[in-house]
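We call the chains A, B, C and D, going by the order they appear; numbering starts again at 1 in every chain.
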């Protein structure tokens, strides 16, 4: 794959580090990268015309995280501006794997593979990702 | 009112300060006292035979916080053990005011007045606090 | 005071409601408004040329919240976009009171008075707010 | 290894699910399992005579999470009581891998492998885990 294509498929969303995100060590509390990653996924969904509230209300669907593998590489600090990325790495009928990164400039703070499944809101049963959404994801 | 009575009405619940609760300043992130206060209220409700899940499922009721006044007096630190208290200060038909404190030993870290209302889960309309619950509260 | 002046002094910052901000009731967990309010205060400070990291590193100062009075009026929902405002309401030597609001369009979700003090990072002793900063605040 | 030995090495810590832990889906917000896992690790450290505050103050050491692999299996609900476990899976000079589980009764909600490293508080350089601590860990 060429670099231009890769860039085209990679969505990114800026996140600022606030007091609430830091801990006793003076750096971002590591569990909060999962929050940053999710904000970027939500905005990526929104950019494709899907938002959580509407998916839940109109189709009774929610996306849930099934598995996460995260490497915490460097420690981001208060006031840092991170560029959280989302890139589809694998897609199946009822789930997908997303590669996500949290760089600060050219330095990687954290990277992750996040497996997200589509389930019915009522009983958490897996269902197929809506086709109009699935076909917009290039993986 | 005599001191013995006061102690009898005051419920307390221990909360340990973990990494997740601290911030860049090395102390408890102030907004987290609201979480500590709520844990104590939840356990106070449970001690009176009411739990959130059951109130929601069986009676369609949830308690919501309408107003909070909080003084942040001293800064609790990682590993501290706080004794969060709940004491009814005022009761009305559909709401109540609770006095809450977060001492560490004999030193007060934070104190608050929290107004809690009882609402219908569906439309957030105020409803009377269930009488079997209200009569157990001495305010 | 005329409305134009008021608008000029009021800083505002957009906050999107994400999954992490909601609770069991399907709405924003009330304690999270304190986080939203703080993000707006941080950006307001930054807009005046002060950021937390630099204040701490260069001058050994941190701002801490001493008191908060918050009214929770309506419940914001997932995907909502809130316009968090900051408006100085009172200024003293070592502290200030800020009026903050969280409207969604024309409806108020929550409003607060937040008292913030300037302290030394080392021992949490109150110190005068740096004059170059204080004189930029119109209260 | 026999089952008795395994049980002996497995530390466990109860965590109650509060409002603050839930999200829009009515269940525990998945990122919060990382918090639950950390509370149990902190208590496991404390049970071995080490606490974060003292390690930082006396030896200038902090434990940081380097990598986490988490499977989110079932969704815990408000008021649930989870039994968070910690079991050493691998130990090296400056890091260790811990297996952690979050069951509710006999059902697994989430399971994880967490790699924790020991670093100097000042510059985040890896250092050997203190021997008096390392020898108490059976992995």
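We take it that contacts are C-beta pairs under 8 Å (C-beta built on N, C-alpha and C of every residue); 3 or more make two chains touch, one makes a residue touch a chain.
Note that the structure is predicted; figures quoted are calculated from it, not measured.
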**Request:** Sort out for me whether C-D or A-C is joined by the greater number of C-beta contact pairs.
**Result:** A-C
**Prompt:** Comparing each of B-D, A-D or A-B with B-C, which pair has over half of its contact pairs in common by residue number?
**Reply:** A-D
**Chain centre separation in whole Å, for subunit D relative to subunit A (CA means)** = 24
**Asked** For subunit A and subunit C, what's the span in angstrom between their mean Cα positions?
**Response** 28
**Message:** I'd like to verify one number: the distance from the centre of subunit C to the centre of subunit D, where each centre is the average of its C-alpha atoms, in whole angstrom.
**Reply:** 34
**Prompt:** Multi-chain contacts in subunit B: which residues touch at least two other chains?
**Reply:** 19-20, 24, 31, 35, 38, 52, 56, 78
**Item:** Of all residues in subunit B, those that touch subunit A in their complex
**Value:** 19-20, 22-24, 26, 29, 31, 78
**Request:** Note which residues of subunit D are touching subunit B in the complex, please.
**Result:** 16, 18-20, 35, 38-39, 42, 46, 51-54, 56, 77-79
**Message:** Looking at the complex, which residues from subunit B come into contact with subunit C?
**Reply:** 24-25, 30-32, 34-35, 38, 52, 56, 62, 64-72, 75, 121, 124
